[in-house]
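So that we are looking at the same thing, I have put the structure below in structure tokens.
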């Protein structure tokens, strides 16, 4: 708890709070997190990120005590809207932080339009259309979307690794479409070629035949799998003696896979991937954040280091806290001042600076990393390249970007230039 | 066999031709036009063998389910939970002792013991009340799923294979010819899958022998045919019931170890394998061990061929098979009307 | 019957409206009036979320009660039937997925959605009734899973994993039917219609025959009834309340996606029906109310008690288990037993007032 | 009443045919012959008792006649019409009824509903979604039948609440539903108290005179009071036929049956 970040933040809090009186009534903040069903572990780490941020600011912002109300979802949009409705309409929260998964995010964006008096700050949901198509005025997203999380990877594997042709294997749903979207636009623009895109149903457990069907005339294979599907793939890939070059999507190398029990994950060592964070980044701000996370929770109640879910909720919470401090906890007049602050905020996050665009979508830093084995035998991601100022159109002209279309099984086409 | 041929000459011909085509597909080097038509031989052979090995796993899970149902008319919708528990136990035993093989008896024993408890505490009390059993076991599976999530977390567990089992082995099946040298390319196949398949065939044959060649087996089979007859044999019946339940549950535990070895163990796998068992026994015929084998093989093959030849609807394919069977043979392929 | 016509003929009083109204127990009046004036006092959240959701789930559970309680066929596919109707309203009507949604007017889209749901249920029933008893539950579970996977994989019609968002009720008579009060009355109306339809049906020849099939299919066949046709027809009829519930559910969350029709929700419907009790239609709504309260507030209660919030799935499971273990007829069964024990004379064990 | 009309047309068409005519009826269960070469002729309005020890094939005979288990060989004619291959509900629609030895009632429904279902089964509108009114003709005849079997006091009770004897009476009411022309009673007196037996005899003797039946009964008192003729069965064969008095006095019968079974 003695991190530098903490000090800076609390000093800022003191300065900001100086003008207002501390006796203001507590501020109710709602949290939407996946705490039911298969993805419970992920939601729990998100909440840990949020609690880390709150602990750093002593549960206070703008002179007001923060009162947390948690709403549990099961990663389905139905449950997310229901939980949000309870937080807003029953518990009367003024700020909602969350949710976690892509389709939940879209549903909450739609819901936020019916509740203009409440501010919604996205947790970590990463669907592109949440802020790209029909954005909502009171929905802010301080994390990048799935396509942005691919930024830098295409360049890196083409130029540094020297892969000219790749094939992709991905779970058949929107998040992976979006990730492949980001990869393909960059990789193809650099001159690479994507020969084949295989889509496997979400929840595929036996990849035996899919592994045999992987093309053997490409330089590398991109894997857009997550959780149990990823673990199963890697396990069976080893059993089949696979030796192709692999590239990982963001959730292929996240904490759930890297901390899975057994040796399946070893197939990932040396695999390049990209995402909004690199576990072993030596940047002091990142290091102090990791330490704060580790200090807030005992080792058996957390991951070895914060997952990107924790970081997402952490950043969202910090954005809210710093703007509460700046406005002195003033949420009057339809939270006008608070929202103006959020829109103009440049968040000095542990994973790089984050600012918002006109759709209240993050423009941030993306990390290309490779999986390494640490001294204690655990796996982590090691930074190899940083891409800053990644915006939602991936550096492509907005008009040209719009012409590519929304991510799907076949979109985008592999082209050297998108115009 | 000859009687079948005499009764159904057309069917016999169709089956013989299909078998011949299959054998040719397996052993001949594929000509160009065939590769152009349905893809590489390697893919086909892998799908075929993977389908068979996956079928082996499904058979292990479903045979316990079908045995329990066949003898006692007990519907145990917590069967998937037994599978999952077996997987977790197997992981920890293998991890602590360092012996993969030890995971099997350990999982079998613990889960079988749980089976005894289930039979004595739950099923004996509500014999003949199908619906109540179903509901109670659904309740048990909900509770068990959360207890296991509590105990083992949401992590993915992968039971490590010993080094002598890891990696692929070269087989004598030819997948193609090297264009440059003209050498034959042989199929490489994961060793662990071969071993696991051999084990499930072994267990299947063992079960068959047990049922058909031993006194206890006769008693069980008689019970499957006519439970009224069995109750006439007196008090021993309850003991037989407990034994069979324990055995069926133990098999699910063993299957959990197998599944944890070549797939992985995590929350949600219980429902997946419950569904798989249901479909296998509906297709094969409730209460029939050969039916479970046939159903498991069909579902395994459908999943694997589906996953490479039409991945989008591969998951739905197994259900279509089930619907087709229900429509034309509601009692299942090997079930008695 | 001509044989006996000359003999005794019971004299029956001519039943009029007034007498019919007088026969309704006071409790019904009380519940009805409370439900009608509820919006005067209750918050929007209570109206929309608690009661709206209760009525919707109650309707879907009611369709299961009709099949299970009267027909003896426990179907886990009722959520899928509801989902078909919900999906069809999104596909045929309006949603944010303009590429797929046809944008047909409500008076075409809604009836058509219900018709398709009935067809789906009929096919499900036709498959399920080919086998008996416990098979039904397994086959319908498999069908529910198949429907879930199909929706998730199919993009051309069902829009795959994402499903449809922005599915809103039509602005009829200038009312925003998704407004809390309007939506409350909308769901209350359809729940009441479904409830009374099922109550009415239970005493009609079809309903009686269905109960006969439940009690003794062999005797029913011997009496000249076509048992299979009755069972399939029950599936078809039960699709109507489920379908209406599905459409309302889609409107309530303004979206429908594979998660809405997954295996979890399918089992939840069974949990609701069983908790309430499958013997009488009202059980479906009692079960739904308890389920909704639990889903909404269990986390708060657990946290308030200082327990970890994650274990509430365990609570639901244990509660369900206790009920099915000790009272297969659900809470209604417990209530009935309590009532009988009150009526029973503690000394003689006979019913009071009985000779 | 269209049913009655159609029945009368059929009656007219078949003229004076026998109510029931069995020729060479055999029923095999595997290698076991439950019935061998049975021939029985019953005239319209005739009341016949079938006697015999357990396993003599009496209930199997009923199952063959009603179509629950069709015979292995032989033919069955009902009022002149060959019904050997008909499914059970077709026979029901032609006016054949039976009661069951074991109770096959709808235990979750009321007495009146049970009888109503029986009445409805042989009429149209089995799929009707419209509730019957009290004045409905079928409902009236159901109430009437309930009255005939002395169950009027308990007509709204659930069947599971009835005494055993009342359940047997209900069975009879259900067999009388519709327009029966011929009824098979399978041990209607089994398990009844002496009072209930007297009631049963009243009910049976009070049936309209043109309504014939066959009754399987162990209780000789009951059987001989309600039957005009008697068929003795033994080991799946017809052993003797005659008037009650003749059978009672027959030494062979006494040796075989009456002596060992005192009813």
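Quick notes on this structure:
For clarity, chains are labelled A, B, C and D in written order, and residue numbers in each chain start from 1.
Just so we're on the same page, a residue touches a chain if its C-beta (ideal position, glycine included) is under 8 Å from a C-beta of that chain, and two chains touch if they have at least 3 such contacts.
What you see is a predicted model; the values in this text were computed from it and never measured.
A count of contacting C-beta pairs for B-C and for A-B identifies A-B as the more extensively joined pair. Averaging Cα atoms per chain gives one point for each, and the point farthest from that of chain D is the centre of A. Chain C has the C-alpha centroid lying closest to the overall centroid of all protein C-alpha atoms shown. Our note on geometry: chain A versus chain D, Cα centroid distance of 77 Å, whole angstroms. Centroids built from CA atoms put chain C at 36 Å from chain B.
Put simply, the C-alpha centre of chain A and that of chain C have 39 angstrom between them.
Taken residue by residue, chain C touches two or more other chains at 149, 153, 310, 313, whereas all remaining positions touch fewer.
Residue positions of chain D with contacts to 2 or more other chains are absent. Residues of chain B in contact with two or more other chains: 149, 312, 315. Applying the touch criterion to all chain pairs gives A-B, A-C, B-C, C-D.
Within the complex formed with chain B, the residues of chain A that make contact are 38-42, 172, 198-201, 203-213, 227-228, 231-232, 235-236, 238-241, 256-257, 259-264.
By the touch criterion stated above, chain C contacts chain B in their complex at residues 68, 74, 127, 130-131, 133-135, 137-139, 141-143, 145-146, 149-150, 153-154, 263, 267, 270, 274, 310-311, 313-314, 316-318, 320-321, 324-325, 328.
Chain contact summary for the complex, chain B toward chain C: residues 73, 75, 129-136, 138-140, 142-143, 145-147, 149-150, 271, 275, 278-279, 282, 286, 312-313, 315-316, 319-320, 322-323, 326-327, 330-331. Of all the residues in chain C, the ones that touch chain D in their complex are 1-4, 7-10, 12, 15, 200-201, 203-206, 208-209, 211-212, 214-216, 218-226, 229-230, 233.
Across the complex, chain A is touched by residues 43-46, 48-49, 53, 96, 149, 152-153, 155, 160-163, 165-166, 253-255, 257, 259-260, 262, 264, 295-296, 299, 303, 309-310, 312-313 of chain C.
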